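Chain lettering (A, B, C, D, E and F) follows the sequence in which the chains are written, and residue indices restart at 1 in each chain.
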Amino acid sequence: MSHPESGLTHFDDQGRAHMVDVSDKPFTARIAVARGAVKMSAETLALITEGRAKKGDVLGVARLAGIMAAKKTADLIPLCHPLPITKVALDLTVDPTLPGIVVEATVKTGGQTGVEMEALTAVSVACLTIYDMVKAVEKSMSIEGIHLILKDGGKSGRYETKL
Amino acid sequence: MSHPESGLTHFDDQGRAHMVDVSDKPFTARIAVARGAVKMSAETLALITEGRAKKGDVLGVARLAGIMAAKKTADLIPLCHPLPITKVALDLTVDPTLPGIVVEATVKTGGQTGVEMEALTAVSVACLTIYDMVKAVEKSMSIEGIHLILKDGGKSGRYETKL
Amino acid sequence: MSHPESGLTHFDDQGRAHMVDVSDKPFTARIAVARGAVKMSAETLALITEGRAKKGDVLGVARLAGIMAAKKTADLIPLCHPLPITKVALDLTVDPTLPGIVVEATVKTGGQTGVEMEALTAVSVACLTIYDMVKAVEKSMSIEGIHLILKDGGKSGRYETKL
Amino acid sequence: MSHPESGLTHFDDQGRAHMVDVSDKPFTARIAVARGAVKMSAETLALITEGRAKKGDVLGVARLAGIMAAKKTADLIPLCHPLPITKVALDLTVDPTLPGIVVEATVKTGGQTGVEMEALTAVSVACLTIYDMVKAVEKSMSIEGIHLILKDGGKSGRYETKL
Amino acid sequence: MSHPESGLTHFDDQGRAHMVDVSDKPFTARIAVARGAVKMSAETLALITEGRAKKGDVLGVARLAGIMAAKKTADLIPLCHPLPITKVALDLTVDPTLPGIVVEATVKTGGQTGVEMEALTAVSVACLTIYDMVKAVEKSMSIEGIHLILKDGGKSGRYETKL
Amino acid sequence: MSHPESGLTHFDDQGRAHMVDVSDKPFTARIAVARGAVKMSAETLALITEGRAKKGDVLGVARLAGIMAAKKTADLIPLCHPLPITKVALDLTVDPTLPGIVVEATVKTGGQTGVEMEALTAVSVACLTIYDMVKAVEKSMSIEGIHLILKDGGKSGRYETKL
């Protein structure tokens, strides 16, 4: 029912979107790590880093938003399978060379398909949340370079970005 | 209750996150336009453009995912106000120079706060959906340059990206 | 931006799905009434009617499911606008001539578009809930004749089914 | 705790609604297929079939809505168990003899209860979405004959509608 | 349609649950404040208060969970109307005399019904989140005294708890 | 990655919130029972108990709200894992000595973490729903004593409240 010659597995052989049948795939330990960044001015970044101590924890709010978003992935991405997520962690680090915040999400499951979309969704929503909290100060921020950096488990094996 | 000296309005004067009080703001016509892109190899892009005709409409699925995501913004972004969205449109165009797909979202409301986050969320989820549908072919795609290009309505007035 | 010659307003002039712009439509009192039925054997219907008293209130559960579903309409139907629903009521009546249960939903709003979809969704989910609660006894039930019987308010005026 | 003499398993022996205990049921491969239709005038149907090519893909939008709705079943039907869906496919075919659109949904899981409600919910929401997209042209459409046509897997065995 | 002699407005005169018709009520500024507490041992409380600085901000996570829950009230409470919330703030204070954490939520809207349920839901979910984050240390915590302390706006006027 | 010296497992060793990794925990049968109560005046309680027969089933609506809320736990509590719930039952009893309604929820799963939060969430939302349905009559009701009374399954073993 998939579409081998085109490689677009989310469509059947008549080009109709469907949720791929994973019924016969084994339950295996899977992990995915994704990364992205919010780019901003140095002044805006300074506001966030100072804020952690006493004016408000932007990164703490974004981290939580990312974790909660990972659980909503199958509700947001039309053809994603619902998966029993077993771990979500977000790492947000200040990068003065961007300048901006780098967001990295790690997601694990013991399910029948990978958790790449969960990791990418967690990064995206954490970045959007940073934008939301700081937009009163700078509207020209941009979200950059959201990509998968690691995926392991399942038949297709390990994928890792060359750095 | 906002935090004037820092500009981080999502925190009160003790640094605690809150949903800003907009009770006294007038209901005005508001619009926001956001843009972003999914970057991929020329081969992958060819697969998508050919697919529209007979192998599966990747852009059609992504457009719908973006429209539905705009309606979930207040559920995803912790401190966003729920807003009565009155229009959502997504424009997805093939850009061979990237190569990739450029996603633009336009959102309108007649509410008390702006719809920037709705437009940015629509773009993000449409990009994630493209990634999901094509990832079997190329895992090294990246989501780039999600940013606000226009915002109008409300007290803070018009904002437009310099192109 | 709508598509006048075809009448399919949910697509723009290039055939792309969008959420129609209702920004300039006035806020008016609107009402919609929809109806449908679950058809079953006389024996199954007897089980439900007897159950109300002491074995379990199938209709009470279905009524509540329908009310809650009306609130989820914009989340279920891709191009529906979120609307501030001001009233939802479901009327479930036993019809021995079907035999089965007739479900009628009335929904009101003070918004910019009609609540037909909210009423039809409430009826559909109430019917599905009846099916769910009785399926252990009869799997051959069917949901029949879900249709709009009244719509009023808004520019297009009153619509009423001829009985 | 179930209610054997009445057969209404969703109520305990005092007639109180509950989510049935399936803890001790085995995980088995399960499938369900459901069908339904949207009946309309021949003119309206012609608009949809012509539209696929250039005016807007009504069936493509409805298919996606049905797939996404299958994932929301446990959120819509009060006493449904959440299930790890492993496949959802919708088949929408034009039937000039109705005249209208026939919707068929196939859902699979590897869980402890059946996916009948997921298949029926997918059909219902796809039908509602067709109604939504075409209602500007014809309000007198009706949704007809939503029923289960196949169910297999689990202790109760195979069920198939006699055609 | 309400039930004047019993005062249970959520049921019609035949005892059927419905979402009350508020179509004709004016849009007015409304506020509600609710309070509750999580009671625990002094040792557990010490862990939370020390944690704020370096081991993890339990109260920050609970505050955010409460804010987000306020937006889900109409999805959780079957007969609640969806409301355009214009402000949510949560105040969590350490009370060594309980010992425990006191949670207070303030919610505002400009809608047709009050926001008591939004404030009470925010308090409840913030308390549940505290429980969740500390349960590995103490399972015997309890959530106590969730009640409305202030309500204003709307026809029924001001309500305030006597302290 | 957990935080052994503090016992706050929902934070890593740098105090950042995360969803704990349960990937390597076995799937075991788990049960949790929680309890709480809504305290009200004897007059209000009389209204509810009389209502069951003919004026409206407050307890039936609250029971259903509690069952549905158990399924939303991972969506409400930020760091909760999504779990395949296999049973939810709510028991609501009239207690004239309070006076009020005592709510008890029993939840089961076959997953990798416990269902305490699901049981506590079910109790909380059932109590909130009682409040909502009766608040037109008495605003001074309070929700009291929500606590865990039993937990079994998993490595940490059986926990039971001393009565």
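We take it that a contact is a pair of C-beta atoms (placed from the backbone, for glycine too) under 8 Å apart; a residue touches a chain by one contact, two chains touch by 3 or more.
Fair warning: this is a prediction, and the values are worked out from it, not measured in the lab.
Using the contact threshold fixed earlier, the set of chains in contact with both chain B and chain F is A, C, D, E. Touching chain A and chain D together: B, F. Relative to chain C, the most remote chain by averaged C-alpha coordinates is A.
Chain A and chain C have Cα centroids lying 36 Å from one another.
Separating the centre of chain E from that of chain F, both taken as means of CA atoms, is a distance of 15 Å. Taking each chain's centre as the average of its CA atoms, chain B and chain D sit 31 Å apart. Under the contact definition stated at the top, the residues of chain D that touch 2 or more other chains are 16-17, 57, 60-61, 64, 68, 72, 75, 78-79, 82, 84.
Taken as a graph of touching chains, this assembly has some other topology, since it is neither a line, a ring, a star nor fully connected. Two chains count as a pair here when they touch; such pairs are A-B, A-D, A-E, A-F, B-C, B-D, B-E, C-D, C-E, C-F, D-F, E-F. Every residue of chain D that touches chain B in the complex is listed here, in rising order: 57, 60-61, 64, 68. For chain A in complex with chain D, the residues that touch the partner chain are 1, 12, 16-23, 74-75, 78-79, 81-84, 111-112.
Note for the complex: chain E touches chain F at residues 3, 6-11, 15-17, 36, 47, 50-51, 54-58, 61, 64-65, 68-69, 72, 75-80, 116-117, 120-121, 124-125, 127-129, 131-137, 139-148, 151, 159, 161.
Listing the residues of chain E that touch chain B in their complex gives 29, 60, 63-64, 67-68, 70-72, 84-91, 108-110.
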